[in-house]
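Common to both upcoming complexes is chain A, partnered first by chain B, then by chain C.
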Partner chain A sequence: MKIRKKKKSPGTVLFILPTVLLFVLLLLYPVLSSVFYSFTNKHLIKTRLDMVAFENYASVLRDKEYWNALLTSSKWTLICLAGQFLIGFTAALSLERIKHGRTLFRTLLIVPWAFPTIIIALVWKYLLNGVSGFIPNLLLKLNWVSAAPQFLSNKDLVFPTLVFINVWFGFPLIMVNVLSALQTVPKELYEAARIDGAKSGQQFFYITMPQINPVITLLLILRTVWIFNNFDLIYLITGGGPAGLTKTVSIYAYEVGWGLKSLGRSSAVSILSLIFLTIVIVILLQLQKKTNKNE
Partner chain B sequence: MKKKTKQYLTMALAITMGVGLLQGCKNNDTPKPTNPSEVQTEGSSKETQSSREEADTKLSGDVTFWHSFSQGPRLETIQKAADAFTEANPDVHMTIETFSWADFYTKWTTGLASKNVPDLSTALPNHVVEMIDVEAIKPLDDLIDRIGRDRFAKAPLEEMTVDGKCYAVPLYSHAQVMWYRKDLLEKYDLEVPTTWDELYDAATKITKGENGAVYGCSVPLGTNDMMATRYLNFYVRTAGSRLLNDDNTANLTSPEVIDGINYWVKMYKENSPKDSINFNVLDQATMYYNGTNAFDFNSGFHIGGVQTNSPDLLDQISCAPMPTVKKGDEQKGVETSNIPMVVWESSDTQDVSEAFIEFMYQPEYYIPFLRSVPVGMLPALPEIAEEKEFLEDETIKKFQREMEVISKAVGEGTAIGYENGPVPEAGLLISQGIIENMFQDIIINDVPVEEAAKAAEDKLNEQFKSLS
Partner chain C sequence: MHGLKKNKVRVAGSYIYLTILALLAVFPLLWIIVSSFKSNNEMNKFPTSFFPKELTMRNYNLVFEELKFGNNMLNSLIVSFASTVLTVVIAALGAYAVVRFFPKFGKLLTQGLILAYMLPTILLAVPYSITLGQVGLLNTRIGLIIIYLSFSVPYALWLLVGFFKTVPIQIEEAASVDGANKFQIFVTVVLPIVAPGIVAVAIYTFINTWNEFLYSLVLINSRDKMTVAVALQSLQGQEILDWGVMMAASTVVVIPSVIFFMCIQKFIAGGLAAGSDK
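On to the complex of A and B.
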């Protein structure tokens, strides 16, 4: 049988034109302009611009601070992602089992996600302030510590503190999405598994996980990108300090672009991050493909 | 509906949406006249010669004014002046936009490329030199002469002069001085410190005596502000040195600077909350406002902060000149901030902007503006400080002595790095957080002072190269 290819009418092309234009203007233009600027000595406020080939990339890659920032960003992404998934997943599974008050608990647990980052950052900064902060003073009053803990200035505490705040802030997104995915798994599959004698763990790994795998992969990709690129939370709480202990690639790029006003170098940092994240995403997608094949 | 009719309708809808999108992308600002003469004679084609002459002196056009006076009273007084100005010039339309200083910097630097800058704005001294560097603002010597060059203090005008042209008109000034708590000095039987060593001893006594309730002297070292640079500059200037060499390279390794670094590290370790390693200007000021910091360095703005946050402490605060290294040395002002107004080069209504600046200096608008933050904003026109209307403000009366201390310091100091005139290196000195990072490295990572200072100096010099 011959399949006749349906012809696209001119109307259809014109109809999708606004979307294509929006895509080009809002997505492609910033990316392409960053690529272009990364090969120039573009200054934030100076109009003159010269091509410098790979000089920006070379100077960024030679900079020890960049590599430290990349290491911090990678650590930050991995630990936050693991924490968010662990708590988000656990909360979703618990809510799925709850018979009464599920909506109330879901609403309460999503509260952190509902606040703007600036509010979250300032509230936590206030709560953890080493002089007047509520938490250090509470710990002191409870005699759990002999001196007020300096959560944001102690070199051993500052990074875990930021990770905790980010996990607290980010887990509701995982929870809500996993919960929605869990509710789409047909109940008959569990019934059949139970009849066949499958235990809870087996049901989870052989029914639940394969069914919600596409949602998990999507969340994993999105959260990896968002956490890696997170700027506001860290910058507002510690500014990348003390002594650069919380300086991520985003803060490094900001300092180069807005402090040094070297938009060319800052663009090179962005493009390097784009390449890095693309590689990570490709690896994640390959892993998902492999998992799907095995299943 | 027939298939063809459906297709035509779809096409028409798509074209309409596409056109709408393109229209949306267009800048919908009303076209502005290209030069002041066009502004003045706008719509005058049917006018007679005499009415045209009249129109030539009449101000008209749209003016966008950016300022950073986000607090209530200052905002109100500026708004009142703008309203009075537009009432006197009905063909002028003023749009006022308010930003914090940090947002203001981002706004103008990013706006410059897209020509989205105002006609008139306030600025920080370090912004002015950058604005001049990229030819973003116009010289205002004619305007200064019209207002009366001799009426202004000399130093602020010099600070904004490059190649003999003055690019900004100072609106108000303030200077950094040492603030202390009278009640705490009395409690611990201490005199007001006049040297850095005396300050350290007094701060140590208070820290120990108050056992964590009050810190002797908080040292702010956060990288998202320039406070550590400011504190180091205090010490270095009073030791007779500078953070920039005469050839505008960085100086962080001279004996005076090393002494200054050691001094503040010691002060941090003994008399400052550990969290101050991340403090910015607001975190630091809040400690003094709340009464948890005995000695602080700031301008007359501290009075308003204490008044708002801890009115009970208002009777206990006072200020003194900057301490010195050696006992008996003359105590001089170190850091002065002269906040100016600038007119943007790309503006089509520069004449209106200049007229508004001139208008602002009339006592009926200028004095209420200064009184909106009493003692915080000192007049750029010294004669105003003698005016009865200015002096009869209750806060100014109460803090008359403090105002004298700050006024003296205003005349003696400069912006950080501007000791030999405005240079772009001064902007990088305070904006990169390199000195703040150096302090953090010494404290957190135990990097030896000389090593950290050398690394920071090299880094600054490396960054100075980007200016060329």
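On to the complex of A and C.
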């Protein structure tokens, strides 16, 4: 009883006050003002502000370029997710299987994760550039190609190349999280399954997957959001080019806001993304609920 | 017998696969470092040898003397260090309060903060630049430090809640019987127990702020206040792209990140898995 009374003492509020203030000032207020700006003609430099109702939304939704960007973003998110999970998962399972050098391999494999995006962009541009780049020249020397491939300006190569770079950077996070999730699966379950004669494939789908399902779903959601929203990787490598082929919604929003200086319209683009992502996440969560029921 | 052989093949396959992945993972880092010591002449030759024939410090001299990159590094250090300290203080107090004093409200708050993760940076960048402009903090390091809290505190709080949950309440009760007040208990009893977690969170925050690009791009526009990420980007705009110089600048930016990251790799491993059952 005494402890309960103490809990209500005003001192405890001081502990949480900074967090609440931060939440309100740096997250809640900006989001609400973004919603507000999306209904105005807010300009980057001009100070005049008029309400324009749904005009920003209408003009965005009428813009063919927006729909192209949305398509690019969706394609980009799906393919990168698949790549990151494929490599991350297989790397984690391989690490589980080996006996020696596990720490060494894990340490080497997480190196890309520590890279600042700008350095990822610089080093890959340097390695891949069509004139003096190491990789195109190496392929030439090996006689695998007849002319130095233009990885970042050829319209057929640029998208797969960006996906490769994204997966290179993103797989370690998946690997590390899958690995630590794998270690939470009780070993007895596998022993029991082995006695029952379950093959390793069966063990994976009937024991491992259901056990680590919650972590995977969380990872899937966080990564979907991150890849979809990510701006700097593509912006720094191709800037959305060549010919707008790699222009995602984030780059589109940046161009509208800081290129065309139309912050109101840029806000509308971002709000639309937020709605889109919310729908995707709700669907993902529903799917997880369903698979849980089926098991 | 057959199963044993199959297993051996699998293990061998795993080693091969991991070796290839590891080579791919570290190659760019090695390439940056060795290139930074190559002369211009050697950089543009093909086949260029992996290791430089003669080591030159020319690139580093250019980076620090002509481009004044040291100034940008100082900016990044100030911004990252200040936001890390603020983040750790705010998040540690907040996480403790969530665990001990306000479990219900705390849960709501952490969920709200996770939702914040969903917001596109570009969405927040608009109101941030407007508001900072209104209060006169646009193009200042202080403005950038405050804005960095928006993404570092939620994540730090989320991670720290997990650590504070491991602190046994009996220890705190014992201290409170001895007459210590809540703040004293927090500082002298609780913090030492979660110190490893706090250090890890601090390092993680430091790396993330050190690596940040978009906010720095839109909120800072004068060269003398630029952080390393944006300064590197602006180097690309110069007439002649000098890869040697770029790689030298990259080396001094990426090395601290990688070393810090190695230090907390054990902690990173448990991060999300621990968070998922919160």
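For the reader, a short list of remarks on this structure follows.
Methods note: the second predicted complex is superposed on the first by the 277 of 295 C-alpha atoms of A that agree within 3 Å, B and C clash if a C-alpha of one lies under 4 Å from a C-alpha of the other, contacts with A are read in each partner's own complex, and residues count from 1 in each chain.
Here, a contact is a pair of C-beta atoms (placed from the backbone, for glycine too) under 8 Å apart; a residue touches a chain by one contact, two chains touch by 3 or more.
Please read these numbers as outputs of a predicted model, since none were measured by experiment.
With both complexes brought onto chain A, simultaneous placement of chain B and chain C is prevented by a clash.
Measured by the number of chain A residues touched, the leading partner among chain B and chain C is C.
Of the two partner chains placed around the shared chain by superposition, neither chain B nor chain C is touched by A:F54.
In the superposed model, A:F205 lies in contact with neither chain B nor chain C. Using the contact criterion defined above for the overlaid structures, shared-chain residue A:W258 touches chain B and also reaches chain C. When the two complexes are overlaid on their common chain A, residue A:P242 makes contact with chain B while staying clear of chain C. Touch criterion met: A:L222 reaches chain C, while chain B stays clear of it.
Within the superposed three-chain model, A:Q150 lies in touch with chain B and out of touch with chain C [touch as defined at top]. One listed stretch of chain B collides with chain C once both complexes sit on chain A; from 45-53, 81-89, 99-107 or 117-125, that stretch is 99-107. In the superposition on chain A, the residues of chain A contacted by chain B and by chain C overlap at 9, 11-12, 14-15, 18, 22, 132, 258.
Residue ranges of chain A in contact with chain B, taken from their complex: 9-12, 14-15, 17-18, 21-22, 25, 44-47, 129-132, 148, 150, 152-155, 235, 238-245, 255, 258-262.
Put simply, chain C touches chain A in their complex at residues 10-11, 13-15, 17-18, 21-22, 24-26, 28-29, 31-32, 35, 43-44, 46-48, 89-91, 93-94, 96-98, 100-102, 105-106, 109, 112-113, 116-128, 130-131, 146-147, 149-150, 153-154, 157, 173, 176, 181-183, 186, 207, 210-211, 213-214, 218, 228-230, 232-233, 236, 243, 246-247, 250, 253-254, 257-258, 260-262, 265, 268-273, 275-277.
Of all residues in chain B, those touching chain A in their complex are 7-8, 10-11, 13-15, 17-18, 21, 25, 106, 109-110, 112-113, 130, 134, 136, 212, 215, 221-225, 273-278, 280, 287, 290, 292, 428, 431-433, 436-437, 440-441, 443-445, 463, 466. The residues of chain A lying in touch with chain C in their complex are 3, 6-7, 9, 11-12, 14-16, 18-20, 22-23, 26-27, 29-31, 33-34, 37, 42, 87, 90-91, 93-95, 97-99, 105-120, 122-124, 126-127, 132, 134, 137, 141, 168, 172, 176-177, 179-181, 184, 214-215, 218-219, 222, 225, 229, 231-232, 236, 250, 253-254, 257-258, 263, 266-267, 270-271, 273-274, 277-278, 281.
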